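In the two complexes below, chain A is the common chain; its partner is chain B in one and chain C in the other.
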Partner chain A sequence: MEIYVCFKALPDFEQVFPDDWNQFTLGTDLDYAGRILGSFDESALEIGLRLKDKLLFSGEAARCTALTLSRRLPAFISRSLFAAGFDEVVQLDADVEFNPEETARLLSDFLKSAPPGMVLAGLQAGFADSGAVPALIACRLGLPFFSCVESIEPLDGMAEIKRSVDSEYRIVKARPPFVAAVGNSPVSTLRAATLRHQLSCGNKKPKALPADSAPPISALHFQARDERRETTMLPAESSADAAIMILKALGGFS
Partner chain B sequence: MESSALVQALAELIGEDQVSSDPAVLRECSRDYIGFRQYERGDGKFWEPKAACVAWPRNSVEVSSLLAFLNANGADAAPRTGGSCVSLGSEPVEGGVIVDGSRMNELIELNEKDLFVTASCGVSLEYLENYLNNRGWTTGHFPQSLPMAQIGGLVATRSIGQFSTLYGGIEDMVLGLEAVLPDGRIIKIKNVPRRSAGPDLRQIFIGSEGAIGFITQVSLKIFRYAPENRWMGAFGIDTMHKGLDALREIMSAGWHPAVLRLHDPVEMERDFGNIAPEGNCILLVIAEGPKALAAATGEGVKEILKGFGAADLGARPVQRWLIHRNDVCGRLDHFDYYKMGAVADTCEISATWSKIGEIYDAVLERLPQESESLVVVSGHSSHSYTTGTNIYFSFGAMVDKAENARPIYMNIVRVIMEETLKRGGSIAHHHGSGKYRTQWMPQEHGSSYILLEKIKEALDPNRIMNKGVLLKIEE
Partner chain C sequence: MKLALAAFPSAHLEKSIRRLWGLALGLNADKCSLWLPSASDVGNLRVPSGISHIWAGPETASAANCEAGFVANCEAGFATNCGGFAIKCAIWMEHLAKMEGVDIVLAESGAASSESAIRLSYRLGFSAVSGLVDVSLFNGMPCAKMRAASSHLDLFRPIEKNQVLIARPSKIYSGNFDSFAPIRILPMPDVEADFIEERILPRSKASSLEDAQLLLVGGRGIKGPAAFKRLQEIAGKLGGAAGLTRAAAINGWGPMELVVGQSGIAASPKACVVFGASGAAAFMAGVEDSERLIAVNNDPDAPIFSKSDYGIIADAPSAIERLEEILSDADKGCG
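Let's look at the complex of A and B:
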């Protein structure tokens, strides 16, 4: 079984300066903020590895490939993917932002040329991303698509997919290949590999492939929320007095 | 003394509202943020010792009557204020009393003529700093615990701030103080710029970790606050050893930037967005003070770094660090590491220039060999002196169950302690001994350890104060 997990190394938006938010363009230099995995992508990566583990445990062949579209994949992220258990990390050499059709085209072009299997991705890469890419990949590949996936279990050549839709769980059984978008899964973090295991992975590098992308789009505007904090000492004689003062300040008492 | 009788007696002594034996309150007031306790709490385990009660005195007189009573009755006292401890230093003794100074939060005096501020032990550092900043002053003390810490605890643990290379540690900032001895005597050390009238008695209490008395009031020096004059720069530098050599050169040349931080390649990649050339360390510099001095310091440091082939990365990495440097306080007990199945923390040591690089190398070499589940180890120097610097190690290791968090954690700490002691370094740069490093205190102090014992014997003969910190408990 081939398992592909699409992911994106995002700028760590929490580290972006308020001034940069307020004059944000695609050309804004966010290198200082560093890059992290999106939370849904991180779940998808770990679910992919767990599937691989279970398939291998039951004696079936399984292989995991992490796939990204980025010129800026930090070495520590690819190292941690190899160390966590990915057999291959593929880096399509293009920077495409806020253009889901183009992203899906490039990712599905690669997937078309690879052996068929399960394709997983996070429901949405970053908070400003469209969340449309996984479905667009399924359309382009002509594969069944499952959204809001929480877990996937192997089941005699099929997969049991647990989805969380409209406040209820739906369990479907499907035969790969298919595309699944992982949402609010309880599996929220990619496993950490021990230093010994990281060292044993040696100097594995991502496989970089050329990708011809369309010109970037522009005209994006963001604004930072003012999160300054002030400390005030409450001149209260007791906890009860302090509680009343806080309630009054919050408009709780008239 | 039986628990309920103890609680009753303390309530009569300082008032019912000032004492609680509510289990939830006790748990809150016993909380320590050492890595393995965070893991245990993430797993729903609460294995810290359970105190009989917590008492909140409102002034020095109440502290005095409390301690005198506990002393007379042989009951254990665990002092605390802000509750940001990471070394088990303020965890109570089973059945003892937590003496919490956080309600003593009076800002007593700002003396702008003599340049000091006097505050009670429970004044929040963040509040004090904001108060001073609004009036054009600063304490110059910015530990990572700033959003949580209070004055008494900062002095008791011999705290240090991120701007220490200019302003010094808390030991350089305390002008005078008031403390209560275990027998209830209130002692005051007056505010003078310097004196030659015997040993500096302030230093008995600075770093005493509540083991010989309770610090109730502190006078701290204040400095002009002029952040607009700051000079900031970040630099990439090939190796940790070259970086340490550069720090030594800067310090020995006589420059005193406020911040001088050298992060190793792991931290450069993880915490600074890989902004320096691959495999480089990152060095952050902030100079402050009068505009001309800040600029001259910054340029002087930059010139030295050029000689070490450092790559100029601009000011943005420093600005980012400045904004986010204390974010960790807001993530404590969010169980981020527990959710990853890991126990993680930091451990800070110091040594002279000739030894510090060796300690860094030895720890990084030994830990992967001796800690099977280690996932990361890194280090940075954040406080430099003319004679040496500190290394702040960060580590994380996978844990299979809560019972194993502490042994896995302590095995890592053991390696750091051993490699430091082997080279004559200090096992604790700024978090104090707490209770988790006490076992190494005899080796830390060598032949001078007896002085600690004698001071304890003289001031706390009944050994009621914060049992387990600084001194090994005799079996």
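Let's look at the complex of A and C:
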């Protein structure tokens, strides 16, 4: 089983200088803020590795590939993916933001050549958090699509997919290949690699492939959000004071 | 410009239509139809007078005001959210879009509706513009306003023909709905399920957070699951609901489905108290529409204070414990 997990290393938005938000354009360089994995992508990556582990344990062949569309993949992230257990990291060399159709086109063009057993992705990733890319990949590949996935278990050549949809869990039995978008999963962090694994994959490098992307969508405008409110600080000398102040601030609710 | 509103609710149909209509007003459409692939019992549905007609799935075949000549081949036993639901809806909407020459489809976001809308955009060759929270004029042009960069930015994209807009508006149109629009029925296509079987189990009602008038949220500063349990009890006593930040949920202090923020629930309660959260933009996206926002944090420099109406510098778990005691005493009649 070939498992592909799509991910993106994003700027750590909390580390960006406020001035850079005020004058943000598509060309603004935020690399100084460092790059991190998006929370849903991180869940998808770990779920992919757990699937691989379980398939291998049951005697089935399994390979896990991490796939990203980005010119900016920090070495520490690709190293940690190899060390965690990914067999390959593929980097499609293009930066596409705010254009889910183009992102899906480039990723699915690669996946078509790779025939996957499963394609996992975070429900939302990237700057715009459009949430459209995984479903568009499924459309382009003509595969079934499952969103809001919490976990996936292998099951006799099939998969049991747990989805959390509104006020229900939907436990779906499906036959691969399919595309799954991982949402708020209890599997929330990528495993920590052992030192031995980190050392053993020290020389592995992502496979960089050229990607011919369309020009960015023009006429996008950005505005820094100002969430400030006029704040009244309420004095509290003790936790009892704090509790009383909360009730006062709540007014009619208490 | 021809606009179609696509609403997929099971329970809050009018609310969904109000959300969409509030946005539709900003688009100045020449003609606007309403598509209800999964709604049942729409016979007495009142809509704004700007809606020219309603297209509905076969469940509404008995609706009293069905337009003559528009009911055919109703499929028996159709169940919402059954196998291939999103694909069925996408094909159903594609048929309507082509038949009516629709330029823009405005759909409400949701697990099934978003997938249907994205699939529709692919089938029509339209652009999927998702996460739209409002329609704003930018340089005199109607633009889809969306959150970007974990809610640090507002992104404006011009609204043009050949787009499927997928909206998660926080505002609800409050004007009168006093018209009945003619209802036309289009049967659902027969599409095979894309899975072998499906079981449905109930889970915590995260939706209660979205509708709560009072929301209490615990962050990592509540320091453990005991404080979150207390928050839930306090919320119960005050008639509200309790959620938690993603960081607190990752620590296992409460279930993931109660996560508030960009990666979880976006609520718009009348009042929200946030305990022990610093105020990262991705979290604030879930509470910023609160009418009154109260922050409790032991760090006087926590960014959340500048984003709140009231700030209280205090240790969050202790304040929660005392709050529970005060409310218990009040229950016993000695508070």
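As a working rule, the second predicted complex is superposed on the first by the 215 of 254 C-alpha atoms of A that agree within 3 Å, B and C clash if a C-alpha of one lies under 4 Å from a C-alpha of the other, contacts with A are read in each partner's own complex, and residues count from 1 in each chain.
One rule holds for everything that comes next: a residue touches a chain if its C-beta (ideal position, glycine included) is under 8 Å from a C-beta of that chain, and two chains touch if they have at least 3 such contacts.
Since this is a predicted model, take the numbers as computed values, not measurements.
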Of the two partner chains, chain B (first) and chain C (second), which one does A:245 touch, if any: first, second, both, or neither?
-> second
Touched partner set for A:188, first chain B, second chain C, both or neither = both
Quick one: classify A:109 as touching chain B (first), chain C (second), both or neither.
-> neither
Which partner does A:153 reach: the first (chain B), the second (chain C), both, or neither?
-> neither
Thinking of the overlay built on chain A, is A:75 touched by chain B (first), by chain C (second), by both, or by neither?
-> first
For A:124, select first, second, both or neither according to whether it touches chain B, chain C, the two together, or no partner.
-> second
Kindly classify A:170 by the partners it touches after superposition: chain B alone (first), chain C alone (second), both, or neither?
-> second
Spot which of chain B and chain C makes contact with more residues of chain A, would you?
-> C
Is A:233 in contact with chain B, with chain C, with both, or with neither (first, second, both, neither)?
-> both
Under the contact definition given at the top, report the residues of chain A touching chain B in one complex and chain C in the other.
-> 14, 188-189, 230-233, 239
So, in the complex, the side of chain B touching chain A is made of residues 17, 105, 107, 123-124, 126-127, 130, 269-275, 278, 316-317, 319-320, 323-324, 339-342, 367-368, 372-377, 396-398
Which chain A residues qualify as touching chain B in the complex?
-> 12, 14-15, 17, 31-35, 74-76, 188-189, 191-196, 198-199, 230-233, 238-239
For chain C, which residues count as touching chain A in their complex?
-> 81, 86, 109-112, 114-115, 118-119, 121-123, 127-131, 138-139, 143, 146-158, 166, 194-207, 213-214, 238-240, 246, 249-250, 256-257, 259, 262-264, 270-271, 273, 280-282, 284, 288, 292-294, 296, 305-315, 318-319, 321-323, 325-326
Which bits of chain A are touching chain C when the two form their complex?
-> 11, 13-14, 16, 21, 24, 39-40, 98, 100-101, 124, 127-132, 135-136, 139-140, 144-148, 150, 158, 161, 163-175, 178, 183-186, 188-189, 217, 219-225, 227-234, 236, 239-247, 249-251, 253-254
